[in-house]
Amino acid sequence: MSMANAFDVALVALLLAIAVWVVVARAAFSAIVVFIAYGLLVAIAWVRLFAVDVALTEAAIGSGLTGMLLLGAAARLRGTTASGRCGLTLRIVAAMFCAMISLGLGAVILTPPDVVVTLAPAAMANLPPSGLGNPVAGVLFVYRAFDTLLEKVVLLLALLGVWSLTPDRLWGGVPGPQVDAGPDGMLAFLAQLLPPLGIVVAVYMTWTGADHPGGAFQGGTVLAAMWIVVIIAGLQNAPSIDQRLVRFLVVVGPAIFLGIGLAGFALADGFLSYPAGYAKPLIIVVEVALTLSIGVTLGLVALGTPQRMRRQ
Amino acid sequence: MRLALDIFTALAVAGGAFFFLAGTVGLLRFRDTLTRLHALTKADNLGLGLVTLGLLPLVAWPLGALKLISVWLFVQLSGAIATQLIARLVRREDPQA
Amino acid sequence: MNAATLFGICGAALAGLGLFGLITNSEPLRKILAFNLLGTGTFLIFGVVARRGAAAGLGGDPVPQALVITGIVVAFSATAMAVVLLLRLFEESGKATLDPNEADGASTAEDDS
Amino acid sequence: MMPGLAVLTDASADGFLLPLAIILPVAGILSAFVLGGRHAERIVLLLLVPGLGVAAAVFVAVWRGGRSLVYLVGGWEPPLGIALRADGISAAMMATVAVVICATALFARGEFAQPHGRPEARAPFVFWTLLLAIWTALNTIVLGDDLFNLYVALELLTFAAVPLVSLKGNAATLKAALRYLLFALFGSVLYLLGTVLIYSAYGTLDIVLLSGRVHPEPVAWIAAALMTMGLLAKTALFPLHLWLPPAHAGAPAPGSAVLSALVVKGSFFLIVRLWFDAMPGLMDLAAAQMLGTLGSGAILFGSILALRQQRLKLLIAYSTIAQIGYLFFIFPLALGAATSNPWSGFAWTGGWLQLFSHAFAKAAMFMAAGLIAETLGHDRIAQFGGIGRVLPITMFTFGLAGLSLMGVPPSGGFVAKVLLLRASIMEGQWWWAAAMLVGGLLAGGYVFMVLGKAFSSASASFKICAPVPRSREVLPLALALCAVLLGFVPLQPSNLLQIGRTAALTVASP
């Protein structure tokens, strides 16, 4: 067994052990803490699978933001929820059902098709005209741009869904904690030190995404994280959700994406195609706008429903 | 020269691993939150510091080295702040500690 | 067994575990957590498919990789919506369960409004 | 690139209509979100005409042309790119969606008007934006030709539907919404798992390409089973229906109308796409019989529970579970090519007619129920005495819509059920006919239970809480009339609904 192989085996064992823990642990809180570590390990697994773009996304979203959301929820629900479980019979039936699915999936994994089918050559062959160097970005913004556009609408709807749960009297109010009279010393220090660095990282990630792993989503997540740190450190209030500017920032990325897509009708081969020679600059414009929108949207989603009205 | 550097790497990484082990044992064995934090920061500071130091000769100069050092710095920063926050929470909930 | 197959088996097991948690755990927060396990399992299997499609000088087929990125975003959106729904349910009812035994929320709410 | 692609690359001149049907509501969502307030409603109303126009244009183009419209997004051919395709069933479905959405929007003006001169209110802003989102998602589902693109569309539909359920914001609806969301997520992950397996085996997610590549083998079966299970949970087919009644009954009336008439049909549409288009010839008799059996179970179970409800909206929601059951007779009855099964065309047309007429009838019913609840301040059927005289048009609407549910002429439901009955008798599968007849009787039972109460004399406690203007009663009536009008289509397999079906089957495998 080679070194790398031993590492993979250990990683998989750890992942499975944590997953079992997450499912059976008594307290929700510890299950979530362990789940965050799990997310980071999954990100390493993605690196081992040569999918660095996915690894970045998984670390940022799957572990980071999701973990934060769940931790916040567990803290607020603390003590209210007993780890309830359904009856033994149902559990046995469910266990058999799930084992069957796992076995089925495992069987498929163990019997790969004789001829491996892959779109990698096609994706690479068509990449040069777009000027991009990262084939994943090529898939996201050239071949399957339509998926990416709709996915941004999904994200927007998630925000709308979160906002829709606001009690009527707080509609148009401010989510997140209030600015403290005396901001928390340590956290405030972090919130002053980190954002300048974080913003540089976010810009770099977006910019480099055209040719190397990275891109709008990863950059946007870093932006969101910086914003959230500033807000929970009590340095700045979140904006109220009825502000035009906030809503504009949420929408600007998808809107520019849609606009450039529409321009394709007149200037290129139709919806979401780019005029020859202009693909890369246009994609970068879209990515920059999307980074901003994703950052603001993710931040707002993580902050949740408004908690109080703006002071007049 | 090569051999000396390799030995240095092996020693430093092994040292780092030892501190990680010690920190983890401390995390599991110590009684209260504050002493556990103490054990944990040792792993972070010394353990990761030694591993970083040991790996420096192996990476490209200067970009790789800069990356490694900034990894260490970021962990220092987040570790220090997280520790502070946890310690403060402990103090607030149990002023006797 | 090569690394891809290993991670594939891991993904299959994770999917089963997540599904089990999603079905059997009655606590909504735990269901959400289990849904995320199920999601990562699914994505890992897709990642293995991508890895097996390595060609043209790439470490993996970029199409499934890009689809996984989209999938992660969608899963996060779903988690966020479920968490906020749960928190609001707790605020309104003081309980955070979906126990089907108690009066089944069947009121069409014309009375409450 | 590949020889089998001839069908796809032959993109039609009218193809641009397909992305337009999705772009229009997306643009609406973005602008409604930014402008908010009273503009959200205006944007929706402004989009109704072009939206309806695009749907009509697609319908006419498919009908006249006699073949599918195809559009390659970004000019990229599958398997690398994504195609949109409108065949006969997409065209008919798109038209149904457009009509129901338009009627719902006009109907909802009474309930979700932004107050004048006051800050933006929550419910109207959310409702109008979500209505556009549902339109976007459904149009993408009926036009999508790529399984992952369809996954995103399914999620879009979920994310648009769940907040509609909890729009009232009380504990009961929040709970219903959370349960719905968990069921829906369970469904979408299973669907995604199946998609992954399909890609791993065949290297494409395009439905037309798949139809030529899928062989009956374990991978395909496992994938199809996972995807079907997931979609069944989203369609609320018995026994995965638990989430539906509280969710559909808890939403505000226009929301319930869209949820019951259209949203559950979105996932059903994908099940049909999967078995008839992506994997033709894969489904064996046993699987088809099982889906049919579940359908029969849904009819009996849903109808009996509907009879036992004391609240009108819950009754209608349970009736949705029953009516969904009929749709699943498509699988045992329409399976197999026309050559081997001459009656498959009857069942195919019958199944789709059932879907369309139920969409119109159920939307009308939920709107009627909304008007009744608004007038009385409650929807307890036992206290309906006298409402028949206050809201005669609404009760008439309820009765007309009821015709379709029972399968009594003149109604689309009648034609649909006759076609299905005929197919089941002629194919020697008489047991489905029995389930349909019992279902019809039970539906008659619950419809007349409501009508009987409504036209009984008023009790002492009868009082009108808030009178509704006559103009609002017209829209549900119009929808119920649509369901009745569908009863005048010829009693034979429809050519329109066959368009594109054979093309998908005859693509040469590469």
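Residue numbering begins at 1 within each chain, and the chains themselves are lettered A, B, C and D in the order written.
Definition applied: a contact is a pair of C-beta atoms (placed from the backbone, for glycine too) under 8 Å apart; a residue touches a chain by one contact, two chains touch by 3 or more.
None of the values given here were measured: they were computed from a predicted structure.
Q: Count the C-beta contact pairs for A-C and for C-D, then tell me which is higher.
A: Pair with the higher count of C-beta contacts: A-C.
Q: So the centre of each chain is just the mean of its C-alpha atoms; given that, what is the distance between chain A and chain C in Å?
A: 13
Q: Go ahead and note the Å separation of the Cα centroids belonging to chain C and chain D.
A: 25
Q: Chain A to chain B: how many Å between their CA centres?
A: The computed centroid separation for chain A versus chain B comes out at 28 Å.
Q: From the mean C-alpha coordinate of chain B to that of chain D, what's the distance rounded to whole Å?
A: Going by mean C-alpha positions, chain B sits 58 Å from chain D.
Q: By the touch rule stated above, which residues of chain D touch at least two different other chains?
A: 80, 148, 152, 155, 159, 162-163, 166, 169, 174, 193, 197, 200, 203
Q: Scan chain C for residues touching two or more other chains and write them down.
A: Residue numbers touching two or more other chains: 15, 32, 45, 52-53, 63, 67, 70, 74, 77-78, 81, 85-86, 88.
Q: Can you name every pair of chains that touch?
A: The list of touching pairs comes to A-B, A-C, A-D, C-D.
Q: Applying the document's contact rule, which stretches of chain D touch chain C when the two form their complex?
A: 80, 148, 151-152, 155, 158-159, 162-163, 166, 168-179, 181-182, 185-186, 188-189, 192-193, 196-197, 199-200, 203, 242, 245-246, 249-250, 311, 313-314, 373, 377-379
Q: Which residues of chain D touch chain A in their complex?
A: 16, 19, 23, 26-27, 29-30, 33-34, 36, 71-76, 79-82, 119-123, 126, 129-130, 133, 136, 140, 148-149, 152-153, 155-156, 159-160, 162-163, 166-167, 169, 174, 193, 197, 200-204, 218-219, 222, 226
Q: Spell out the part of chain B that touches chain A in their complex, as residue ranges.
A: Result: residues 77, 81, 84-85, 88 of chain B touch chain A.
Q: Taking the touch rule as given, give the residues of chain A at its contact with chain C in the complex, in rising order.
A: The contact residues of chain A facing chain C are 4-5, 8-9, 12, 15-16, 19-20, 22-23, 28, 31-32, 35, 38-39, 42, 45-46, 48-51, 53-54, 57-58, 61-62, 65-66, 69-70, 72-74, 76-77, 80-86, 90-91, 94-95, 97-99, 101-103, 105-106, 109-110, 112, 116-121, 123-125, 135-136, 138-140, 143-144, 147-148, 151, 154-155, 157-158, 161-162, 165, 217, 301-302, 304-305.
Q: Tell me, which parts of chain C touch chain A in their complex?
A: 3-21, 23-27, 29-30, 32-34, 36-37, 40, 43-45, 47-48, 50-63, 65-70, 72-81, 83-88, 90, 94-97, 99
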